[in-house]
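First chain A sits with chain B, and in the next complex the same chain sits with chain C.
Presenting the complex of A and B:
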């Protein structure tokens, strides 16, 4: 939070354009897909898991959406297709992790390569472009005077918050993240909870793909490349504990805004975007070191 | 007499490969009784309670609960039959509140338009009742369990067992690694449970604690029954003798003229 205000002050002092409504709206539009993925990533990290394959899920979902458009399908078919593909790929991750007991980072690294391969097999190295903009209102539109992105982020985060903090399912997620063996002992079906959580992240990644296609109206070969790392970074910066049990949706959202504002601000003040990754990486390490020090003190 | 028995285990056998961990062991607990289970390391205490908790399957013998034979395939089976085993690790989620832990896996729900929302107020009220009945002092039940003392955590684990209406509560070394004042508290919880008519199995290395709360003591030695004594009719030295095998040796010596 402090860091967020700090960068706003720095960028605002360096570029008059930074704090304009137009610029901030642009940042928001560019943040919506990442923010949506991050809500799911927060739940997965609270569960004690991690998913580095979300970029692949976004990519495969986007390819299915693009192809569906090319086949002339209507929006009311295309959106569910995108969501279903995402949820299915997420459920595959969850199934592998729950049943094989392979560490999630390794399992999803494996599926990431497979999902990327699917992307290339379908797309064949060529962009799918010139898609219709019938869904663009989801990102570019306005409802009741507020940009559509705010409504989407609000809706997704609101729903995830209720699910995580005010329903039994969220209790199960936190319990599994604290201690799997204990969760099992009180009768929680750990495997099922994991599969559901990864499927939820997949569903949100599918939704992010819908938003991505709606915004850019094409499917690039390198779609989703950075999204997994950005999502994990935003979640950790937002206060989630990589060892599970702890995380905050609001914190994650601040993490997303921080990352996107940093990217935007650095471009505006004319600094190479390489520095963006240095800043985010440096902060990530700072957060993790502080966390580890605190862990050592309480242990 | 057998109607009084809450739990009866007869001729229990458990082998691990070539090792016989339990060799025809008998064990019983009456209703409203605190039964201590003592023995040296490797005597078979853990194997016995893990069998009772559904974590191990016996290779032979019979387990009866309230006079009816039972088979526990999983720990959840045992929990659902009212046998709550509180292992040393306690099975609490450190980063959840006291009330959320007590209701973990069996939350109180208040549906709003068919969506199952947690009824936190009801869960907190009931948690407070359970903790008060046990005389567990936790000023704020909204804090994470990992901020509680060892004795308070024991209290939370017992409250959870009571919340599932467990009437046989198995406690594995509950006083190990606790400060003296905390030990008093936990022994107090056990007495409260007995006063409520619950049966308690107490596994402990501390003979002093055992003599303070247990009605009877079962001694295991090298996977076999080494003695069953009434606490009132025995001295700690007798029990230590049974644990180490010293009194068995003496008795055999007496028997040979």
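Presenting the complex of A and C:
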């Protein structure tokens, strides 16, 4: 949080454009899809898992959405198609991880390859572009005086917060993340919880794909390449523990805002966007080191 | 482990058969040479990844490809600044070891989980590689330097003879014959028991992360010689591929189980598959899908075999 204010001050002092309403709205629009994915990623990391294939899921869902558009389907078919594809791919991840005991990093690495292959096969190396903007209001529109993005992020995070903190399912997720063996012993159906959590992340990735297509109205070949890494980075920056059991949705949201503001601010003060990954990586290392040092002091 | 070996040989045979069916030109001597061209770079990276994983923790090095890109650029840049090439390569090796040591400090001293630590350094290193060069490759390496990866002796590429095979032999002996090797296995099997029996687990892992960085530098030198230029994205995707071959070769992701021979076979399988599909002009998408299926499938069969053996032992017991 302190870091967030710090970068705002730095960027605001360097570029007067940074704190304008228009710029901040742009940042918000650009971060909606990442924020949505990150809500699911937080739950997965609390569960003690990880999913490096979310980029692939976003990509495949987006391709299906694009194709559905091209076939001339109406909005009320297209959105569920995107969500369903995402949820299904997520459930496949969850099934492989839960039933065959493949470690999540290996399993999702494998499915990432497969999903990207599906993307290439469906899209055939050509962009799907010029899609109609019938869904653009989801990202560009305003509702009750606030940009639509705020409502979407608020809705998704509110729902996930309720699910995680005020429902038995959320307690099961935390229990599995803290100690899987004990969770099994107290009668939690660990496998089912895992599959549900991965399917939820898939669903949110599908939703992110809907937002992505709504925003840019095209589907390109390299869609979603950075999403997995950015989502993991944001979640860890937000205070989740990669070993499971600990994590906070609000922290993650701050992590997302932090990453997106940094990216935007760097562009505005004229630093080449190539430095972006260096800075995100550096931040991630700093946070990890600080966490480690703090853990030592308390231990 | 024996079963694993047979499984891998079978897979290799299947890959060769697939190549022969898909493309009539596959079963020619020139194909073998072409294939072997690709083996050493992925091979050495896969072996380094195997060692890191074996020592447990759980250990993984996702920054291996990024180190490779960065070191390659450093060597090429030093050379164009007038440093003799041999000396530049030595500096590159030192740089690779140093970048590996950063991982080692994060993981072994500060106790950051390896997955997170190397993910972060992967971001940082590959970002640096892109940012420092602005995305343009550095060329202008001398012609003779190409000998290492382009020259052939008895039809086999030189870097196969002088780097890949010796390294595989050394690592194999290290793991199977020396005390260091048995320490690596015991650290991966049961960290606590290893520590109590006098293995300095974290010092051992520290050394292995440094070694992984050094090996990435060797891979960078081979790529430099091959392409005569250093690309900032030379190592992209290598982190995932090296994990893939290590796991496919039978290395357990949590450590303690695995062999160099398995990794070598896995590298041969993956490259054969890639070459076969490429020769048959099948899109790259299928190559990706094949690798993904192999990765998941191999771990699943491993688990299934393990469960059956356990069940049989229980029946007898």
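As a convention for this text, the second predicted complex is superposed on the first by the 292 of 299 C-alpha atoms of A that agree within 3 Å, B and C clash if a C-alpha of one lies under 4 Å from a C-alpha of the other, contacts with A are read in each partner's own complex, and residues count from 1 in each chain.
Convention: a contact is a pair of C-beta atoms (placed from the backbone, for glycine too) under 8 Å apart; a residue touches a chain by one contact, two chains touch by 3 or more.
Treat the numbers as computed from the prediction; the structure is a model and nothing was measured.
Participant: Scan A:50 for contacts with chain B and chain C and give back first, second, both or neither.
Facilitator: second
Participant: Just to be sure I read the superposition right, which of the two partners does A:178 touch: chain B = first, chain C = second, or both, or neither?
Facilitator: A:178: touches chain B, not chain C.
Participant: May I ask you to decide whether A:168 touches chain B, chain C, both, or neither, giving the answer as first, second, both or neither?
Facilitator: So A:168 only meets chain B here.
Participant: Is the number of chain A residues in contact higher for chain B or for chain C?
Facilitator: C
Participant: Is A:186 contacted by the first partner chain B, the second partner chain C, both or neither?
Facilitator: first
Participant: Identify the partner contact of A:276: answer first if only chain B is touched, second if only chain C is, both if each is, neither if none is.
Facilitator: In the superposition, A:276 contacts chain C only.
Participant: Using the touch definition from the top, say if A:293 reaches chain B (first), chain C (second), both or neither.
Facilitator: In the superposition, A:293 contacts chain C only.
Participant: Is there a shared patch on chain A that both chain B and chain C touch, and which residues make it up?
Facilitator: Touching chain B and chain C on chain A: no residues.
Participant: Please output the residues of chain A touching chain C within their complex, sorted ascending.
Facilitator: Of all residues in chain A, those touching chain C are 50, 96, 100-103, 105-107, 109-114, 116-121, 229, 232-233, 236, 242-243, 272, 274-282, 284-285, 288-289, 291-293, 295.
Participant: So in the complex, the part of chain B that touches chain A is made up of which residues?
Facilitator: Residues in contact with chain A: 75-76, 79-80, 89-96, 100, 104-107, 109, 115-118, 120, 146, 160.
Participant: Going by the contact rule at the top, pick out the chain C residues touching chain A in the complex.
Facilitator: Spelled out, the residues of chain C in touch with chain A are 60, 106, 110-113, 115-117, 119-128, 130-131, 134-135, 240, 243-244, 247, 253-254, 283-286, 288-289, 291-293, 295-296, 299-300, 303-304.
Participant: Which residues of chain A touch chain B once you look at their complex with the stated criterion?
Facilitator: 162, 166-168, 171-172, 174-175, 177-179, 181-188, 245-246, 298
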